[in-house]
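Worksheet: the structure to be examined is printed underneath.
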Amino acid sequence: MALTDTTGGQAVEPAPIEKPQGYWSGVGARLVRDPLTMICAGVVLALILAAVFAPLLGLADPYKGSMIARLKPLGTEGHILGTDEQGRDMLARLIYGGRLTLFIGLMPVVLAFFIGSALGITAGYVGGLTNTIIMRTVDVFFAFPSVLLAIAISGALGAGIVNSLVSLTIVFIPPITRVAEAVTSGVRALDYIDAARATGANAWTVIRVHVIGNVLSPIFVYATSLTSVCMILAAGLSFLGIGVRPPEPEWGLMLNTLRSAIYVNPWLSALPGVMIFITSLCLNLLSDGLRSAMNVRD
Amino acid sequence: MSVTETYAPSADTGGPGQPLLIVRDLQKHFPVSGGLLGRTQAKVQAVDRVSFSVKKGETLGIVGESGCGKSTTAKLLIGLTEKDRGEIIFDGHALGERLSLKDLRRGVQMVFQDSYATLNPRLTILDSVAFGAQVQGLADPKCLARKMMDRVGLDPNRFAHRYPHELSGGQRQRVNIARALAMSPRLVVLDEAVSALDKSVEAQVLNLLGDLRAEFGLTYIFISHDLNVVRFISDRILVMYLGEVVEVAPVDSIWAEQAHPYTRSLFSAMPSMDPDDRTKEPPLVGDPPNPINPPKGCRFHTRCRFAAEACKTKVPKLAGLSGNADHLVACHLHDAASGHPKAGQGVPA
Amino acid sequence: MLTYLIRRLILVLPVAFGVSVICFLLVQIAPGDPLTAIMPVDATAEEQDAMRAAYGLDKPLPIQYAIWIGNLVQGDMGKSIATGRPVAGEVFGAVQNSLLLAVSAAVIAFPIGTALGFLAGYFRDTLVDRGVTAISIAGVSVPNYWLGIVLVIIFSVNLGWLPSMGAGPGGSSEWQWNWEHMRHLVLPAVTLAVVPIGIVARTVRALAGDILSQDFVDALYAKGMSRVDVLRHVARNAAATALSVMGLQLGYLLGGSILIETVFNWPGSGFLLSNAIFQRDLPLLQGTILVLALFFVAMNLIVDVAQAAIDPRIQRT
């Protein structure tokens, strides 16, 4: 209508440019201006991309060992990062190792984010008995330190990728539920929720339109802060031998099998841990950056 | 097509004589928990024995100190707070019997005090205004919302895609009014809707409310602590004290004679422009009693100059004045059979 | 205060019940028959049933739980499948060693973390602050089982200063307070201390920073109070929160030392747990986890009550 009507002569006042300052564009702008966070995002992205596209990088076969080329030191011809206790190329194993490590390290938080948010938002919005049942159950899980719970469930279920995913997801659902519940009951008390309910909308519509958009970013920021712990725990399970099974390359498992080599080639045996450390550090810094960009207070 | 033509309120089922809203014996007590097992220890008696009716097309003003139960009453009317007891009858249909909550909310809408807090910060103005119409399944909610924005004085081309924080307080309150009206309600509850605005903006919004009432044939319940504003917009005034109705009367009648001692104190606390009309009544002293354990009998007796023994034991009934049946008051001074030493004489000068 | 204490105690009961249910269910989610390990390979179906009946495994789950919890309150946590010894004895011996390690780590971590956090909070937005922040982020990001290996490489392999394995010379698991034994404690305790140093420093920094930026600090300065006195005020205000974080960390240290115990072959509860897992010794697994979790619950309780005692405002919530 009037927007396209350029011939209308009666426009005395120039129509102000419609510049909706949405929430996410603001967050994006703040993130771009934060070099440390951008670097960390770059590192994590590079690790993920390298892991996903590992076969295209022209690396050695991460499964092919050699009895004569065992525990070659760093800088060896053809094996820039040396070889492991079975003579397999370390560089290839570290990069391929990112596949399982990052997957098991990040996926549980993603799953727990969805499940925990659903539980917490339900508990926070509905309140009453539903809230009591969900939150008291969550309290029980809080009685276990996260490491202990992960090891207990993984230990009972036995080694395996799926079992690791299950146990770590269970570990991270309660904290996310608790945060989601707290944030949601805060939003629930706000006037705009009353105004929305006053339209006659049912609970699900109010949650979908008015609650989720306002609670998801603090829950999301909280979930990102758990990724670092989850990475360390996931690799820790494999390190203990109750996560990924050999001969799959996985940083925690590699750290474990290379322990036998600390007297022969000590720095080589510490390499997989460096990968875990770098990833976990970047995830932590990335989460801190997101937190300040999204103006979430803890 | 103008917005007046698209305004589609639900059908008038009761005829012109049927009050649009009848409230009978409304009660809400909020539990206060604490102690060893977190059990309910006491109850805040927020709203008690509240009854009134609103005729079609009239504006009922509700006044009282903060904490007297005005806002709780508003929330009870639209079902945001669940009532403990009492009846809400909208155009002849009782809520919960022939009227669902959703239908009630189609017919009754609310405008809240805090214009910012009542708007979802993540939704554009257009989405906020259109939400209710969408929920109620009205045709083309976005178009309806744009028209209603235009009607309340917000150019949809300029404001539709903005966010609440980019608007001024007056503009946001216009948004809230547009949002309420986009659902074509017949009754609008305005809970301190202009209290937070600057005086000049307040006047504009009040005029807008008056125009809208005429244009769409609306009925208002106008809640405020500002007697002048209430007088300007209302046909009748209802006075609440500690969760109870103490007086209901037409504006002119109550301005001429405040039949309840509390109403009189309330009015005398109001600054007057006329030097000859300055306060004759001593203002109220002290804070209102705790609504957790309100005084027995007449709840006002602890602060009333005329309190007698009867006031401490007997709850006064809301009844018409002897000379003016439209003027209701709950005070033993007006009830000849109350046992008050000055029963039936009215409030002494 | 007494009301608060009683209310808090009552709230612990359902949690403790929930913990016991989860520990009970751990055995149920484990794949395979819990008796496989001790069942003769050639056992007939009747013999298997008889064995199941003998262990009460033929009864419905709630009954099994009731029997299990009944034995539990009498101190009977069943017998280890691998060693045949009572679980309770094995667990308590190991928990003592774990506690020694956890407390040592706390003794290292809490003063260092507090000092670092205080410095950072006091000299906010200076180089000191940035340095401490970097240390604490690194502290919470480091996989401590890897850090343990790195410390072993440096101090045992390269320098040969400290032993890398066990809790005493010659694999002795009997703790004694002498230098030979304490040498074994150094590396695992330092390793374990790194994460809580980061967390405590972060907490104390935020507390000190928050409180120093509050108006009443300005008021104290305005009243002519000295820097030292102001610092003392700040410290007392932060104490309640800092204490609760430290208490929780002590709980985490005990429950979270399993990986470090594995790295250093420390004969604690974590080491016991990993043995239980590999020998599929489910009663031992169950018992160890139950004891550690209940310890953590008790720790939480103590922290809450202590916090409420320091800061009476908390009792109201």
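A, B and C are the chain letters, set down in written order, and residue numbers restart from 1 in every chain.
Here, contacts are C-beta pairs under 8 Å (C-beta built on N, C-alpha and C of every residue); 3 or more make two chains touch, one makes a residue touch a chain.
Note that the coordinates shown come from a computational prediction; the quantities given were computed from them, not determined experimentally.
When each chain is reduced to the average of its Cα atoms, B sits farthest from subunit A. Among the inter-chain contacts, the highest number of C-beta pairs connects A-C. The innermost chain, defined by the distance from its C-alpha mean to the mean of all protein C-alpha atoms, is A. Look at where the CA atoms of subunit A average out and do the same for subunit C: the two points lie 24 Å apart. For the pair subunit A and subunit B, the distance between C-alpha centroids works out to 50 Å. With centres taken as mean Cα positions, subunit C sits 57 Å from subunit B. Of all residues in subunit C, none touches 2 or more other chains.
Of all residues in subunit B, none touches 2 or more other chains.
In subunit A, no residue touches two or more other chains. Residues 14-16, 18-19, 21-23, 26-27, 29-31, 137-138, 140-143, 145-147, 149-150, 152-153, 157-158, 251-252, 254-256, 258-259, 262-263, 273-274, 276-278, 282, 285, 289, 292-294, 296-297, 300 of subunit C are the ones touching subunit A in the complex.
Residue ranges on subunit B touching subunit A, taken from their complex, read 75, 78, 80, 101-106, 109-110, 112, 114, 117-124, 131-132, 135-136, 157-158, 161-163, 166, 176, 179, 183.
Contact residues on subunit A toward subunit B in their complex (touch as defined above): 2-3, 15-16, 18, 20-23, 190-192, 194-201, 205, 209-210, 213-214. Interface of subunit A with subunit C (complex): residues 136-137, 139-141, 143-148, 151-153, 155-158, 228, 232, 235-236, 239-242, 252, 255, 259, 262-263, 266-267, 269-270, 272-274, 276-277, 280-281, 283-285, 288.
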